[in-house]
Each structure stands twice: as structure tokens, then as C-alpha cells.
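One chain, subunit A, appears in both complexes that follow, with subunit B as partner in the first and subunit C in the second.
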Partner chain A sequence: MMAASVQLNDVTLKFKKFEALKDVSLTLEAGKIHGLIGRNGAGKTSLLSLIAAFREPTSGGIFVDGSPVFENPEKMEQVAFVYDKDYKEETEKAKKLIALASHYRPHFDMDYAEQLIKRFKLPVNKPVNKLSKGMQSAMNVVMGLASRAPLTIFDEAYLGMDAPAREIFYKEILKDQEEHPRTFILSTHLVSEMDYLFDHVVIIDQGQLVLNEPYETLEARGASVTGAASDVEAFTADMKHLNEQQLGGTKSVMVYGELDESKRREAQTLGLEIGPVSLQDLFIYLTEEAN
Partner chain B sequence: MVNPSDSTKPLFLQIRELIEDQIVNDQLKEGDQAPSTNQLVNFYKINHATVSKGITQLVDEGILFKKRGIGMFVAEGAKKTLVQQRKKAFVDNYVTGLVQEAEKLGITEQEIIELIKSTKGRDA
Partner chain C sequence: MTSRRYLKVATAVFSEMIRWSLWFFSILLVIHLIRIFWLNGGPSPIEGFFTFSQYSTSIFMLVLGIMSAYTFMGRHIQQGVSRRDSFFGISLAAIGLSLFLTVVPLVINGIQHLLAKVSVFPVALDTAIAFETTAGMIAAAIALFMNVLTYYLAGWLISIGYYRFRWIAGFGFIALTFIVFGLNDYLWKPGNYTLDWLPYEPLEADFWLTALGSAAMILVLFLAMKILTKRVPIKM
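Our next item is the complex of A and B:
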């Protein structure tokens, strides 16, 4: 399988006195789609540019398939990092840039690139600096997907794309992942739109890891409890509240942590309604609290 | 219909009910291939893990079975099992509530039966 694992050991990144990342330790399994979620300035791009070896951490180690990634050309070839690049000065045509990318990406699939160009209706004969923001992003995505790099990183790669184009992007990730498994890292704050893509979710806030777990266990990470205000308060008294809302005598509390079977039965006998908490809600409240 | 904004019912249950419905109303017959996890993910934009959870339950209960490398199929006797399960649930989900509400409103048994008959007649 052409997919690479990633490991970070106590990674810290400082810009003068500012700590962009603080002691981040993380393992990303090969062949999975990882969602990296964080607010603006949380450290998403810092983290990804370290994994892509665009810069060196202040301390700590970063490994792709077990080998240090920094100044390691063999590993860097395996990593495609797609980010919001500045194309103001880029007068070459999109076609030329894509052809160029195919030369330094050993797994690049030109036929697939052509298909994607058609799907995104990318005007390949226009100079890149004359393309709209959304089309520049589409071009980046074409290069990123067609590279078929064992580790493919999309750092908010959808910027400026309209909803139909984003939908094509998401569908192509799922489709191509099925046929050519690799490791994806997708950073985003469009959580509700993208959460169905993720096998694993990492949330960072202020340079620190807030949550790191498989999507399937996330569902059990929280719950909403709704019912008569006094019952809800008593039931959730010793739980961690993420958020609460009240309308007349009805109260709804979002709690963090697992509700086991006996708790659920207790809720049922009290006539309380237990609902799931979305990743979007978890993200909002987990990162709001820290601020 | 799967509805991610229906916050009261977990999505994996909605997924399994969707497939159950198709079996019960003969859209999916015994031996037919069920939609794959990937198709469901793409269609409903629901996470792979969630879809798998719903499907796995149906496999564990013998409603669906896996053919390695080919896909998921409707098991023999699946419809019968589901209909039995649902008849049991019918009492909890519909009859109990109906009887309780009727009592509150002072509707007699005879009236209930009349109401059921006239509703059925209207639909037919």
C-alpha cells in the first residue's frame, strides 16, 4: 500500500517568544483520512508545514514512515503539501504548472489530472495569476490529488471554491482513496461540511492538542440531554457541561464524556431525551472553553 | 429517509432502518446486493464509521451477510425476521401511545376502531 504514517514526538515550534506549537505528540495511521481542525491561528498550518518539512521544529521529532522528514529528499518526495499559495506573480499557464508537478512526483497520474481538470472545468490555458481564487484552489487540488503521494496534505485547500466545486473535491478524495489508498490530512474549519470524510479527528487550539481520536469513538464523546430543567440539572450535575440552553421550563445541556448504558436507561425513566453531539458542536465548545 | 438534522435518533440507527425499510417493502429482496458502505457514505454524506456501525448491526443480526470482496447481501429469512421485530416494536411505538392518548381524551375503544377504519378507507 502506498500510504505513509506520521509520527510527532513532543514537537514545539517557536517564533521568537511566541509558541505556535507546544509539545505536540501525535501518531497518524497510514491509509486513513485525518481531519485537522482548529480555529484561525490555532497552529494548523504550522503543524502541517512541519510535517511537510517546510520548516524545522524548535524541538521534538517528526517522522514519516519512521524516518526523520526534515532535509530528507527521499521522504519529501512522498509528501504532497497543498496550501493557499500566492500566485500573484505566476504568469505561466495552469497546464504548464501541472505538467511541471508531474515531473517531480513519482506517482503522478496525468490521465487522472486530465479527468479532474474536466470535472473542475479548469481553464488550463489561462495564466495562473488571471484565474479566480476558486480556480487557483482547484488547480492546487488537481495537482495534490493526481500526485497520489503516500502522504497528501490539504491545508484549507478549498479556499475560494464554490459549494459545487467543494463537493467535487470531497467526492474525489473518497473515490480516489478507495482505489489508491494513501494517507490524507485535511485541515479545515468547515467542520459540518467535511466531517463525513474523516476516519480520525485531531483538534488543536492555541498550539496544543485538544482532541485526537478515531471518528467512531467521537460519537460517544458527548451527548445532549433535554427535558424538564430540574431533572436535567440533577442528571447532569457531576458531568462536564459544554453548553446549556433553556427555553421556559425545558433545558438542554450538552455534556462531554461517555454516557454508559445504565445512565441512558436512567435518562429514559426520567423522560429525558438523549441526543448526539456533532463534531461541529464539540469543536466549537472545546475550543471556546480554552479561550 | 436519513436526516442528519433529526437530532433525536442516532445516524447509524437511521442508516440501518433505511436498509430495513427497503427489505420490508421488497425494494431489496432476499439474495439481492445491498448498497455498499461507500455508496451510502457518498449519497448521504455520513461518515464511514457511522455507516459501518449500522451495517455491522444488520450483519450481526443475520439480516445481511458479507461475501468477501464482493459486498453485502440480504440474507434468507431477513424479511420475516424484520417483520417480527417490527410487530413487537409496533406495540411500543404506536399502540401504547395511542391507547394512552385516547384515554386522556376519553375516546372509547369502539371510537378508536371507527377512526382506524375511516383512516384506512381514506388512504386506500
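Our next item is the complex of A and C:
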């Protein structure tokens, strides 16, 4: 399997007096799709730029497959970092930038790139600065996916893409992950739209790690309780509400905290439906709490 | 694979620069031909292509150098190339291009020399002037090679200065390149001496001493670029 693991040991990044990242330690397993979630300015891009060796941390170590990544040619070649790049001055054609990626990326698959170009209807013979924002993003996504880099990072790579294009992007990630497994890091704040992609979730806020867990165990962090409004209200009275919705006599409440066995049995006898908590609600709650 | 990464950078950068150079020489040649056939201003001989193109070629190299950090370095490192491989690749491409920019004017000059013999041109062409002032054709070629390479490095220095330290310090790097140009003139053009803080002792006497001095300066510039690009953060 061509997939790389990532490890961060006590990583701090300072820009003059501003601390973009504070003492972050983190391991990202190889071959998984990791969701990196944070509010604007939380430090997502700073974190990812360190993993891609765009810069050095102020202190701490960053390792790809166990080796320090900065100025390590074998490792840098394996990390593809796709981000919302400013293409205002880029007069080259999209075709040429894609060719440049294939020149450098050892696992680049040109057939796959061409397939993706067709799917996104990307006009490759146009200068990049004449493309719409959504098409520029599509070009970035094509380069990132077709690179088949053992560690492929998409930092809000969908910006400007319309809903159908984003759907293609998500589907292609899952499809290619099945055929050619690698490690993905997808940073986003479109949580509800992308949560089904994640095997593992990392939430950062104000430069600090807030949560770092497999997606399945997140469910235990909370629950959704749905049923007759009065029953739901009574049942969740002493719980922390993350979100609530009501439609006629039916109410659905997202609660924070684990529901133990007796609580679950009680819900069953009341005829309430217990479901998993949504990542979106958890994210909003956890990052609000930190503030 | 492992040791060849800088060659990948070199070929990518070189092919890009060659593409621009071909445009550059085509335009320059057209201007030169216009000058020979229509704007020759009477019977006095006109300089051959080698002399004619020298100044523009240096400026062309300066511009390519200025594009280095933004167009080449950043773009290649974003595709997973290390700073070290990027440095060696760009350096190799610059040396290769300097050779190309030396050989092309020489060849065009030679062709003009042959054509002048069968009087194709309406005016006399002085295709030998560049070679008399120094020590013949080889020396003139070496001089041009070192000059264009120095101009490239000067441009690269400005570009990394702005890339790394932003615009206020960038001005400092421009000042630094003026010193480079001054030293370059001091070595190669004793008549156009521009530095007043160096004692004026023309070096005309020995070509090889001049070449040695120029090579030393080129080496120092390469070294400076190596240090300045070593841990540079990549702009996003």
C-alpha cells in the first residue's frame, strides 16, 4: 500500500508574537481518510503547511513515515499539498501545470488525470488565471488526486466549486481510496457535507488540539434523541443540548455526553429513538466551548 | 531516481527558459535586421549580432533571474521538490542557459560574417569588433558567458530577497546587486568604471586574471543563493 503515516511531536509555530499552533502532538495512521476540522484561523493551514514541509515549526518535530519531513527529498516527494492557491498571476495553461505535477510526482497517473479532467469538464487549454474559481479548484483537485501521493492533503480544496462538482470530488476520493489506498487529510469547515468521508477526525481550535479520534467512537461523545416533544424534553432535561429541532409534535435534540445502558433502556421504554450525534453539532459545541 | 531529482528541476526550468530565449532572440534578430537593411544611417559599418545583442542579453538574463524565486522555486517545491534540489536544478539550468545565450549570438555573428563576404547586406558589418577588444573569440565568449551568468544571479538575488524578506529588505537586495554590477564592470569594463570606493587599477592587462575574478564573484553569488534558499518558507 502506498500510504504514509504522519506524526507531530509537540509542534509549536509562532509568527512573531502570534502563536499559530501550540504544542500539538498527533499521529495520523497510514491508509486512512483524516478529517481536519477547525474554524477560520484555527491553524488548519499552518498545520498542513508544516506537514508539507513548506516551512519549519518553531519547535517540535514533524515526521512522515518516521522520518523528519523538512528538506527530506524522499518524503517531500510523497506529500501532495493542495490548497486554495492564488492564481491571479498564473498565465500558464491548466494542461501545463498538470504536466508539471506529473513531471515531479513519481506515482502520477496521467490516464486518471484525463478521466478527472473530463468529469470536471476542466478547460485545460485556457490560461489558469482566466478560469473560474471553481475550475481552478477543480484543477487543483485533479493534480492532487492524480498524483496518487502516499500522503495527499486537500486544504479546503473545494472553494468555489458548485455542489455537483464537490460531489464528484468526494466520490472520487472514496473510489480512488478503494483502488489505490493512500493517506488523505481533508481540511474543511463544511462538516455536515463531508463527514461521511472521514475514518478519523481531528478538531483544532486556536492552534490547539481539541479532539483526535476515530469517527466511530465519536458517536459515543453524544447522541441524538428523537420522539414526542414532551418526552424528549423530559428525558434530556439534565443533559447538555447541542442543537434542537422540532416539527409539529416531534422533537429531535442533540446532546453531549455518553448515554449509558440504563439511559438507553429508559429511552427505549419511552419510545424515543437514539441516534449518533452529528459531527457538525459536536464541532460547533467543542469550538464554542473553547472560546 | 533519488539522486536525479535536481536534474528533473534543471530540465523543467531549462526548457521553460529556452522557450523564452527563442522568442527573445527572434525579436532581437528582427530588430538587428531592420537596423541593417533600413536604419543603417549611412556608410559607416554596423556592429555584428554578437556585439549588438550583448547588452540586451544581459538584461534578459536579469529578468529571468528576477522570475526565479516566484516562478520556478516556489512552483517546484510545491510539487514536492526539496529546496536543495531546487537550488541545484535552477543553478544547472542557469549555467546551461548562459552557455546557450553565448553560443547563439556567436553562431549568428559567424553566419553574418560569411554572408557579409558575399555582400548580402547593404552596409558593412563589423563582425570582428567584439573579438578584437578582448583576446579573440574564445575570450569574448567566456566574457559573455560570465557576464550573462552574473546578471542571472543578480536577478535571482533580488528575487529571493523580496521572496524571503518582503519589500523593504528587498530594496537592500537591489542595492546589493548594484554592487555586483559595479564589481562586474570593474572587472570587465575598466572604461565604464562605476565604483568610487575601490582604487582604480585597470585590469585590462590580463584576461585570465579578470576571468578568475569574475569566476570568484559567480561562486560567491551561488553560495549566497544556496544559503538564502536553504530553509526558505514557501509562500502559499
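Following the convention adopted for this analysis, the second predicted complex is superposed on the first by the 248 of 291 C-alpha atoms of A that agree within 3 Å, B and C clash if a C-alpha of one lies under 4 Å from a C-alpha of the other, contacts with A are read in each partner's own complex, and residues count from 1 in each chain.
Quick note on the criterion: contacts are C-beta pairs under 8 Å (C-beta built on N, C-alpha and C of every residue); 3 or more make two chains touch, one makes a residue touch a chain.
Computed from a prediction, not measured in an experiment: that's the story for all the values here.
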Partner chain(s) touched by A:41 [first = subunit B, second = subunit C, both, neither]: neither
Partner chain in contact with A:219 - subunit B first, subunit C second, else both or neither: first
Subunit B versus subunit C as contact partner of A:273, first or second or both or neither: first
First (subunit B), second (subunit C), both or neither touched by A:195: first
Subunit A residues touched by each partner, larger count belonging to subunit B or subunit C: C
Partner chain(s) touched by A:68 [first = subunit B, second = subunit C, both, neither]: neither
Touched partner set for A:171, first subunit B, second subunit C, both or neither: first
Of subunit A, residues touching subunit B in the complex: 171, 174-175, 178, 195-199, 214-216, 219, 224, 273, 275-276
Of all residues in subunit A, those that touch subunit C in their complex: 45, 49, 53-56, 71-74, 76-81, 83, 85, 100-101, 103-106, 149
List of subunit B residues in touch with subunit A within their complex: 7-8, 10-11, 38, 41-42, 45-50, 52-53
Complex contact set, residues of subunit C against subunit A: 1-2, 5, 8, 12, 75-85, 231, 233-234, 236
